[in-house]
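Going in written order, the chains are labelled A, B, C and D, and every chain counts its residues from 1.
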Amino acid sequence: MRGYVLKKVGWSIGTLLFVVVFNFFLFRLLPGDPIGLYTRGRNMSPDQLIRLRQQLNRPIGEQFITYLSNPFASTINSTRFNRPVWEIIGERVWPTVLLVGTAVLVAALAGVWLGIRSGWRRGSRFDRVTTGTTNTLYAMPEFWVGMMLIMWLPFFPSGGINSVGVTGFLPTVVDTAWHLVLPVTALAIVYLAEYTSIMRASLVDELRQDYLTLARAKGLREDLVRRRHAVPNALLPTMTLIFLNLGFVIGGAITVEYVFSWPGLGLLTAEALRGPDIPLLQAVFLLFSLGVIVFTLLADLLYAVLDPRVSTQ
Amino acid sequence: MSLLELRDLSVTYAGDVPAVRGVSLSVAPGEVLGVAGESGCGKSTITNAVLRLLPKSATVGGSVLLDGEDVHGMSFGRLRAVRWATASIVFQGALHSLNAVRTIGRQIAEPILLHEPKTSRKAADLRVGELLEQVGLPARRARDYPHQLSGGQRQRVMIALALACRPRLVIADEPTTALDVMVQAQVLQLLSGLVKDLGLALVLISHDLSVLGTTCDRVAVMYAGKVVEEGPASVVFDDSRHPYSGALAGAFPRVGDPRFRYAPAGLAGDPPYPGDLPAGCPFHPRCPVAFDRCSEAEVELLDVGAGRRAACLRAGEAS
Amino acid sequence: MSALAARGVHVRFGAARAVDGVDLEIGSGEIVALVGESGCGKSSLARALLGLVRPVRGTVECADRPLDYRRLKEFRRHVQLVLQDPSGSLNPRHTVYEAVAEGLRIHKVPGDERELVAAALSKAGLRPPERFFLRYPHELSGGQRQRVVIAGALVLEPDVLVADEPVSSLDASVRGEILALLLRLRTELGLSLLVVTHDLGLAWNIADRVAVMYLGRIVETGDTARVLTSPRHPYTKALLSVVPEIARQDPIVLKGEAPDPSRIPAGCRFRPRCPAYAAGLPAELAERCEKETLPVLPADRGHHAACVLP
Amino acid sequence: MTAIAWQRRRATASRFWADFRSHRSALVGLGILLFFGLVAVFASVLADPAGLDVTKATAPAHAAPSGDHWLGTDQNGRSVLTLLIHGTRVSLIVGLAATAIAIVIGTVIGIMAGFYGGWARSTLMGLTDWFLVIPFLPLAIVMATVLGASLLNIIIVIGVTSWPGTARLVCAQTLSVRERPYMERARALGGGDWHQMTRHILPNVMPLVLAHVVLTVSVAILSETTLSFLGLGDPTRPSWGYILDNAYGTGAMSNGEWWFVLPPGLCVVAVVLAFTLVGRALEAVLNPRLREGS
């Protein structure tokens, strides 16, 4: 167990290093004038330009070392907002966590339930309908779902996180929840498809196993066979996969936040694109990668805790 | 009275594949019955038929009487009550038959708590410890997970599990396959001891006739879904009346017997696929002593004296 | 002259001393059975003899010349392999013809490929061979598959065949035929044969000599009839006693399972499970069991046992 | 003998087709793909490419569907149907070409890593894991920004961000094939690395890869749509995502211009779903683990 944890933590650190280095060179080793890239389409004061030129004209090795000493402390301001990038990002984290967290929770609960029902009765009408629906939902771009929702459900707010003029704690909460409905639906629909198929596949995998025959032979009722043996065992890989997905899910929120003008990291990314605002993009990219690494590590650790085959090794 | 009685049992799988074609067998308490045969002869289907664990698509004919009651006529509630409490199974492939993410103790306790709901958790744990010691494992292994045990130890756990509800009949399906000879000897010794101590009825299923010959009271040899020879274990192994039993016995030669030195005994051809059986006696294409009548009609089991039956037209002539 | 020999071979996998010093010879036209429980190192020894794993110490000799690992391909024409599981040893996407011709193509053997393949299939008992050319492995029975594997080895006209548990995954009634085929190959083609098995009955069936392996070493070796009728090593005695048989002496069932080859005990490696030692030995003998490292048994034709007991 | 060999191959192919045909949804998928394939090939015949040119558009902007423009017009007065028809071509080209890149990289790396093991595997799979960790969409966005918007760049971006999944799958399959006894037999016969890889590993890995290819195409098409929607597509080659981008940018949803929003999305769903259905069916037919018996 200790060895396993150490191995995973070591791997995460290695990956983090890779991402940090990759992030640096991806933006520096591009063809063309870096200044042009960093300032494209921006009006900058001569002062700013001089500072930027000083930074970018240093030898690449030196820049790299400065960067490595603290990759999260970008010395270059956002060209769009003209403020330190991490300050801007800090403001945008919570809306994304709220949106993605709610969507994942809803989708995971519903997806696991649907997956269990359709996997247990493989080939039934319910299963066929569920599988067909999830395949279709999976094929939908989430931003398109969002656009359709805006078009057809006009009584929900089509953008933003709060209406103008709402004050007080409770009214704000209610108002935010009201604003959450459409973006959460758009995201959850797509995740739902994924979680359902993961849960179904891992349950179907379990159904093949001999230990379920033994459970039946012991005299267990079918629903006990399912609840006590098949489902807990199938939940193991599902939970891990859901956790593993969390890191990527944030990336998927980009278009939905953009469509709904939800002031989170996704919208920030889309804003950074129109420019493009390279320092901001770089920072956002690093943050997303970090998120995936952290959640991958958490998924591995969760698996170790849940599966005795790892924890008792 | 016999504890388990199969009366003309037949099982046909989906796609018209007859796996078992009219088998009648019985076991009394304290008796060990061996069922021998090769892959596809239907021996494992019998195991599953006894506790009605066959897939829904299978059609079952004849009857399985457990304590005089037909298993296939029971209500589901009654069936669940009978499963494991009256008869239990030692499945082959212990690794896959155990739930990998539950401790052995919990898996053994599960049927106890299920069939004797008044048992306290503590009493169940105590009983689990006893059971483990009975099969030669220390009680503390109850806290282990299946992957922490060796193949032989897992097989012992399977046996402890089968004894959990004090059943009167245990069916062991290839309990020693994939085990080393020495571990195989340990497991067989354990099973024989349990039969003696607990007065169990034991059905031992194996492809190895020599194993059955030494462990069982009576042996039934199966071929293509039917019993082709039945009788006291040692005589079937030593002096078989059906040429197929003879070949099976010869496949595991007696070390030291000059008759087998440089003379491996085997049969030409292969066991038939259950969905495509030859006409007449299904064994006749491989039979060294077949003659023209063998391909005409299937031969029923004939009495050949001293509690022995064989399904061969030449059974009377042998030896 | 020996067709294939191991001289002081040691094979390691990490900390596990899978083969821990073995001398073994397979004479020309001889059938030797290498017997032991799983994990005793018998399969590793067989793979070392085939040049599939390289011993950390010791040499493998083919026709009295040490094996040159830079010229393995040439060596492969002399020594061929037959594996336990015939369904796994054939590529499911190759026809019988392709499976048998594979060796010919690898070695660019001159001559009519079709005729050579047909001849090999006939030798392995698949007649008429043309009927099998275009079959896929899944269309054959277990016995037929094993014959195809044997034909694939025979097509290179080797001098030695190493068979690892050649019949243990076959149906009981089919085994005899495959063993009979191996015996026939010896008499008709003069093949030498090393059969790796856990089954003493199989050794009795076909082997001239038998070597019993325990925890990386050969503990008893000699003529099959002598070793199996009057065994000298307590381990051989125990193994023989548990062969299921009617009317035999009481079985000596050893406790525990095959021990870990990464932790070989000092002194006699069998001592922790030895019934003779457990029953109590004279102090002088017992001390030798505990302390003395027994020499590697010689590879000659005599009957030897690695035990301090007479 | 070659005649019989061909006969056998034909028999194998027809058995495969029979298996495949038993999945009704896969036939539906195949039909949809055939339809869109024909549309892509004959795009210029079905709709005059001149209709894509903003300067030549004569119809009123934001017009509802009519006899002239079955699916109405966009903000520049171009026929949405014309855009859709030509968008089919872009979506399919990007999907197929990007997949080809991903599959080639993934298969080569996967087989190398799986076959050689040890040092080579640690390095190659470590690299794969790293690329797997980088969130796909942000990476694609960054790369597209950096490389600039063109059809070729979009293909490259999607291609080089999609290979790690393939490499993982191929490596796992190679590892399992490598442990089969017939590999040991091939070594004992004297077969070298090249022989083992080409004669044994590749034929046993390819079927799985084939099913995966089809699924990768559907992901690639979705990615293309997303990138184009974010304005990273080639502005001279309108794709379905580009239409949606324009629809969103000109407020088509709040104006109730359903003809501007609904059709491009439906096209994406139809094509992606079709590839998914075909891929799943191929998986079921080709992957013996999912098959009963045999």
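Heads up, the rule we're going with is that a contact is a pair of C-beta atoms (placed from the backbone, for glycine too) under 8 Å apart; a residue touches a chain by one contact, two chains touch by 3 or more.
What you are looking at is a predicted structure, and each value in this text was computed from that prediction instead of being measured.
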item: Partner chains that chain A and chain D have in common; value: none
item: CA centroid of chain A to CA centroid of chain C, Å; value: 56
item: Where chain C and chain D are represented by their mean Cα positions, the distance between them in whole Å; value: 51
item: Two or more partner chains touched - positions in chain D; value: none
item: Junction residues of chain B - those touching two or more other chains; value: none
item: Junction residues of chain A, two or more chains touched; value: none
item: Pairwise touch network: line, ring, star, complete, or other; value: ring
item: Interchain contacts, given as pairs of chains that touch; value: A-B, A-D, B-C, C-D
item: Complex contacts: residues of chain D adjacent to chain A; value: 25, 126, 129-130, 133-139, 141-143, 145-146, 218, 222, 225-226, 229-232, 241, 244, 247-248, 252-254, 256, 258, 261-262, 264-265, 268-270, 272-273, 276-277, 280
item: Residue ranges of chain C touching chain D (in the complex, touch as defined); value: 50, 52, 72-73, 76-77, 80-81, 83-85, 88-93, 95, 102-103, 106-107, 114, 133-134, 138, 149, 152-153, 156
item: Chain B contact footprint on chain A (complex, rising order); value: 209-211, 213-221, 228-229, 232-233, 236, 306-309, 312
item: List of chain B residues in touch with chain C within their complex; value: 38-39, 150-152, 180-186, 188-189, 207-211, 213-215, 234, 237-238, 244, 247-248, 250-257, 260-268, 270-271, 286
item: Touching residues (chain side chain B, partner chain A) in the complex; value: 48, 51, 53, 80-85, 88-89, 91, 93, 96-101, 103, 110-111, 114-115, 144-145, 147-148, 161
